[in-house]
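Got some structures for you, see below.
Presented sequentially are two complexes of subunit A, the first with subunit B as partner and the second with subunit C.
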Partner chain A sequence: MKEGLARVLFGAAALISTLAVALICLFLFANGIPAMAQIGLPDFLFGTTWKPSADIYGIFPMIVGSIYVTAGAIIIGVPTGLLTAIFLSRFAGGRISSLLRSGVELLAGIPSVVYGFFGLMLVVPLIRELAPGRGLSLLAAAIILGIMVLPTIITVAKNALDAVPKAYYEGALALGATHERSVFRVVVPAAISGIMAAIVLGVGRAIGETMAVVMVAGNQAVIPTSIFEGVRTMTANIVLEMGYAADLHRGALIATGVVLFVFVLLICALFNAIKNRGERS
Partner chain B sequence: MSSKVLRGLVYAGATITALILVGLVAFILVKGVPYLTPSLFAWEYTSENVSLMPALISTFLMAALALLLAVPTGIASAIYLVEYASETSRFVRLVRVTTETLQGIPSIIYGLFGLLFFTTLLGWGMSLLSGAFTLAVMVLPVIMRTTEEALLAVPRSYREGGFALGAGRVRTVFRCVLPSAAPGILGGALLALGRCVGEVAALLFTAGTVAQVPDFASQGVFALFDSCRTLAEHMYVLASEGLHVGEAYATAVVLLVVVMLLNVGTNAAVGRLNGRTKGDA
Partner chain C sequence: MLEAVARTRDALMGAGGVEEALRGLRAERGQESASKMSVIGLDLHYGSFHVLKDVSLDFPERQVTALIGPSGCGKSTLLKTLDRMNDLVPDCRVEGLVTLDGQNAYEDIPVNSLRRRVGMVFQQPNPFPMSIYDNVAFGPRTHGVQDRAQLDGIVEQSLRDAAMWDEVKDRLRKSALGLSGGQQQRLCIARALAVKPEVLLLDESTSALDPISTAKIEELVGELKRSYTVIMVTHNMLQALRVSDKTAFFLLGEMVEAGPTEDIFTEPVDPRTADYVAGRFG
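Moving on, here comes the complex of A and B:
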């Protein structure tokens, strides 16, 4: 009797996370899709004007903005993160490695407002000095996000590199390759699916980041023509206007969330596909 | 590429990561520590003295409530997945997929969901309760995953020992398995606490930003329906208003210190888990 009850209770608890995902989907779609229908799906997705005061809701600039900012973060974060992962996995000695590893853990724990504030106070003024514009820009957002994705990329890529069998590396050495060549020509290619997974996770983190981006990106709802211009992401669009939006405007913001959610689900699916392929090979 | 160039690149990458970390922490500390004055910790928030004390207390309340909801649920789910269900069952696969999805959802989506569900549909308004429930859903997958890992690390012989002594499954789980998994579970809870402390996007529209501690003394339980702001939200508001930049720096210092303490705690807990299981083997 007691055993059966416990089983049911534990099972019910396990169901809660599934229920949460179902509820999140239900509420986002139920509130977002009617707004999309009212605006018209093509006008909503591909309209380049976002002007709530005139009831014009085109989120194309925000979709492009999210993609730009994420791409910038990947361009900045991936090389640095990957090289750091290779360093931690194959170059560093015990002490330095553990010191840097705790540093990376700390980076992962720092709240996004602190990153955003750091960007606002240091990166933005620097860009303002050195380049045209106000400093609040695509570049600033890309730099801050590039830093923020570092811990994700370093941790996942390092695990992938650590999992490469020792024999691969030793085989390369035995063929006369130097340590560096063995690592870059044999170990890194062997870990490629894990490294890809790290990058995809980084993309997921970057596209969903909100507060840090809002603080440094300038947030103009226009497609930027240079990296020194302001940009507004989908996440920023929601957080900036949700506080006072009503009726169709509110619906359009929730619909922006739906589009973001679909992006995240696609990234999730891509991650799983890469992971499964890696496990099979 | 020659080995020397490759080696140089790896060292450069690691150095950049280290410099970013040191630079960020040093920048915040140097700018913020001078503003850590006693008046910043005054009990009352006023527009002249933007004390962070109410936000600090609200953060504690909010995080405690969120963990109170998420930790038991997460532990029970993990117990079901590890100790009860068979790995191949449909239900387990469903729970795993949805938990992974939940983990990838950006916090702004949680914020939207919380606004639509807890704040609006359930009529809780912008309140401590809405915020805590939203955070609880957000950290649930973190707790599930870390608890699962901790349970899986407990040697089989512990369970067999429990059964051999005539204990049922429930008793075995609570008396033999959970105690030895406790450090890992604690580590997970601390990780979740860190996310609660740093969160803004999920709270802006669910908890609101009122700079007062919910008044439990005069309202009793109904204070749960009061709006309040956490430390991270407080910092975001200060930074975006731009009137109290020094105080924003000081708040960043407090947030950094909290995150560092949580990191140390997590490592100590997980280290103890690893040491213990190694010692037993």
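Moving on, here comes the complex of A and C:
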């Protein structure tokens, strides 16, 4: 009897989350696909002009913008995050490790608007001083996102490193390898699928981030030609214009969401592929 | 015996140093055969747990020494003391003397060079999750061999020495994790041989294996002792009898008796040894 009740409860909970995903998909596609059809898929995806006042909706600059910003975040965040994870997992003593770990957890808990604020007050002025332009730029967005992906990358990569069997590390030591060599040549390669998963999750985190990016990226709907120029991501495109958009403009923004959704789906698929490969070996 | 140890310790305290102490110990036993490694008056604690109690033992060069005794008596601990893998246990305390070629293994030899000279094969096969080739090449690369042809040569020779070259020569680039348990263990032996160690420690290295793989490894050990000093822990009395030249019997952290394998099995001096050996046989 009791068990029956629990089953119903869990079932209902599972149903709600599944239903939520289904509804989001339905909403996105029902509203986005007609708009895409009206604009014409090639014009929508590969058009380089975004000019709602003239009913021209090409989101190519935003697709490129999202990719650039995410790539920048990965270039900055991956080496930093991985080295931190390796340090936490294999080098840090108990006190330093727990201090750093709570720092990382805190980093994960900071609201993105605060990151944006930090970027606006510190990173943007610094870039304005040192480089051409107004500071609101691809570089600023990449730096802020590079910091924001750290908790994801560090946590997932550290878990992967912690899970590497002790026998690998000891086997390397027993051959006369130093601690450093054993870690970097045996333990880290053994954790490679978990590390790849960490990077992919970091990409997912970066591509979906909105608020912080809007605040520091400049948001010009043009493909940037240098890292000091402004850039607009897909997420920024939606949030900046959704408030006043109507008709086809509104449809085009939702269709931007569809494209973003497809990107995230691809990232999820990649993540699962990596995870499955890791589990098989 | 105990007196000899006491005298050894006295000699150590005095000016003579390790060499003289060893010579004294050997003379005491009327045993002049070169010993590659020795432990003298070894006491080992894990925290407050006294695991090895005043153990003294010589490991003769180019011979196989078997360590036998019931589970938990400290055999693995002794092996790990010989290549300092016990350093990894945070509250492990080692007192007494461990020597390699008459040098103090804990003070005169840097730990990584000790571990290169004293190779270890673990109970569970632990090939790295990389190719067969890279497994064997790991050690030489660690110690500075970069030349491709030279590495190829070392890998082939080590796999030949481990009697598995023909089995794997066509799949050197395949993952080592795809090998069978017995092959993995022989790969681990090849990996250990590739750094050209002087001493090889085998910790129940056949206990996880099927009889055929076990026989192959036993045969291999018989070959290896031509060039290496082998120290093996085994639970299998017949295995000790088949492959070892010298046997040491341990009980509750004490070395009860050591001597030529035949003597230990046929005419043990200590009744506890006799009981153990007899019990294990029948």
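Here is the rule we use: the second predicted complex is superposed on the first by the 272 of 281 C-alpha atoms of A that agree within 3 Å, B and C clash if a C-alpha of one lies under 4 Å from a C-alpha of the other, contacts with A are read in each partner's own complex, and residues count from 1 in each chain.
Please note the rule applied: a contact is a pair of C-beta atoms (placed from the backbone, for glycine too) under 8 Å apart; a residue touches a chain by one contact, two chains touch by 3 or more.
Keep in mind that this is a model prediction, so the values were computed, not measured.
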item	value
Fit-or-clash call for subunit B and subunit C when the two complexes are aligned on subunit A	fit
Angle at subunit A between subunit B and subunit C, C-alpha centres, nearest 10 degrees	100
Partner chain(s) touched by A:Ile238 [first = subunit B, second = subunit C, both, neither]	first
Partner chain in contact with A:Val264 - subunit B first, subunit C second, else both or neither	first
Partner chain in contact with A:Leu122 - subunit B first, subunit C second, else both or neither	first
Touching partner for A:Arg181 - first (subunit B), second (subunit C), both, neither	both
Which partner, subunit B or subunit C, touches more subunit A residues	B
First, second, both or neither for A:Ala6, with subunit B first and subunit C second	first
Which of subunit B and subunit C A:Ile75 touches, first, second, both or neither	neither
Which of subunit B and subunit C A:Pro189 touches, first, second, both or neither	second
Which of subunit B and subunit C A:Ala172 touches, first, second, both or neither	second
Superposition-derived minimum Cα distance between subunit C and subunit B (Å)	11
Subunit C-contacting residues of subunit A that also contact subunit B	178, 181
Residues of subunit A defined as touching subunit B within the complex	2-3, 6-7, 9-11, 13-18, 20-24, 27-28, 31, 79-84, 86-88, 91-92, 100, 102-107, 109-118, 120-122, 147, 150, 154, 178-181, 183-184, 204, 207-211, 215, 235, 238-239, 242-243, 254, 257, 260-261, 264-265, 267-268, 271-272
Subunit A partner contacts - residues on subunit B that touch it in the complex	1, 3-4, 6-7, 9-14, 16-18, 20-21, 24-25, 27-28, 31, 72-74, 76-77, 79-81, 83-85, 91, 94-95, 98-102, 104-113, 115-117, 121, 137, 140-141, 144, 168-170, 194, 197-201, 204-205, 232, 235-236, 239-240, 245, 248-249, 252, 255-256, 259-260, 262-263, 267
Sites on subunit A touched by subunit C in the complex	165, 167-168, 170-178, 181, 185-186, 189-190, 281
For the subunit C and subunit A complex, residues of the former touching the latter	83, 85, 88, 112-116, 119-120, 122, 124, 126-130, 138-139, 142-143, 175, 177, 188, 191-192, 195
